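Note that the chains take the letters A, B and C in the order they are written out, and that residue 1 is the start of every chain.
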């Protein structure tokens, strides 16, 4: 695996682990529960990506650096959660950075594995949103990806920059940085200004199905 | 992939996307949320099937026709949801058709991949129920497969027809049609007449565990 | 697959199916729902493990002994649930045994597949906790692994014994027995004495994120 991909993956692992551990601490789980949540949030997206492109065993399970990273992030969040809580929306900001980094790394690794540039952004999106989905499902909540502003679209945009750059043969590092920046800024701006699209028209009657 | 399998897969993608998008619209998600739900419901079963038989990357992520289909279905459901709601149980009917089509396609693809005719129906069942399970889990609900009448059994029956036909060397198209029809009719009849099996005997005391 | 692994896998399938079916019966699902829950709980861990090490199609879907086992366990639990409920915490005890057996079998199979002894325990842990997670997620509950005492750590400990024994070239059967025993006893003791670790410090304010 080339260096760029590894760095993105480790950064994503760190920030997603922080977001999972913070939510766990807020729900008053004990240290074990917090660490399991850190692991699940940090690893789900990358493992899903690796399964889908046939790269088994997944990097997150065969490379010792991944457990070292999410374990540190989980312990950090556990110990200093009141401090981290003083930030603005800590869970959502870490989540947005993880989304951006994993979406870009996912598209990159998919292209490496020979997926066509037209479909690689979908794989990037999946590995970006996977961690947050598992975190929220484990806590029996409707995932952020369904409730939040511009979530999956931001991941898709970031991943598309990478695919486009690849098709135009631009330098990898540059397009990766641009993709991360685009996804992260889109998501933060949507969060800040409450951007969202219209909702469906109300059905005439509300009834169970 | 042969034509029959492709057609079944695309029909299943369309109707499952409709069922997911309708539920999303009913929960008042915005357009992004509705499309994510359409994607998840439409793709989960097929992706699971492809992962389980080692056909990576999954067709739903490497073929542009799948996103085109679920995107159209999602937009359609979003725009005309009040109209579609006037049908009888729209979510459950689309869900039943998707269940039937994916169960049959799943068993068919499993046989193609060399799974034994005795186990192929289980793979068909899994790819039939996968989409609906993910849809309901994402919305933090107990999945239809646990609450509903004859759900998994209908999928298993439809998939078994395909495996049986394969063992008897009957023509593919005929057994596939019979399998879809059997599963769909079983599920609709169960829905219409409220068929269900007995529940377990009540335990002497109710207590947490 | 060698005999030891097969035996562990079948025992784990049986007890996890019991735990899933008992929970389903307690929630008053009908027979179909109970059997689906038995299948999901019994198979999720092993299927996840096989996917992660690239052993497709997974044993739980290609070997007829697995469906025979979880079907029997499901029917048993359905028919005699009031009787089984008289035991102390039946769901948690069966769950603990399944956890121990699958954690050990998972680590063992991962080592066989060439995963390094340092990472094999994580794979064992995943296949131990996978079934219980899916069971609880399907019932829209926060999984035991997040709420319960020493859950993932017990699985990790049992799996680590196997990896350690492998590194020291000790006999397989002995280390497997020791691993199962360690995990099962740790989990039961934690359950009995309510062992848990400290929770995170309370954040200054409770606010949505």
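Keep in mind that, in the parts below, a residue touches a chain if its C-beta (ideal position, glycine included) is under 8 Å from a C-beta of that chain, and two chains touch if they have at least 3 such contacts.
Just so you know, these numbers come straight off a predicted model, no measurement behind them.
Counting every residue number used by either copy at the chain A-chain B contact, under half are found in both chains. Chain B and chain C carry the same sequence, and matching their CA atoms takes a turn of 120 degrees, rounded to a multiple of 5. Averaging C-alpha coordinates per chain places the centre of chain A 27 Å away from that of chain B. The set of chain A residues that touch two or more partner chains comprises 51, 54, 137, 140. Here chain B touches chain A in the complex through residues 23-26, 28-37, 47, 51, 54, 56-58, 61-64, 67, 77-78, 81-82, 85-86, 89-92, 137-140, going by the rule given at the top.
Chain C makes touch with chain A in their complex at residues 51-54, 110, 113, 115-116, 118-119, 122-123, 126, 129, 133, 137, 140-143, 145-147, 149-153, 196-206, 209.
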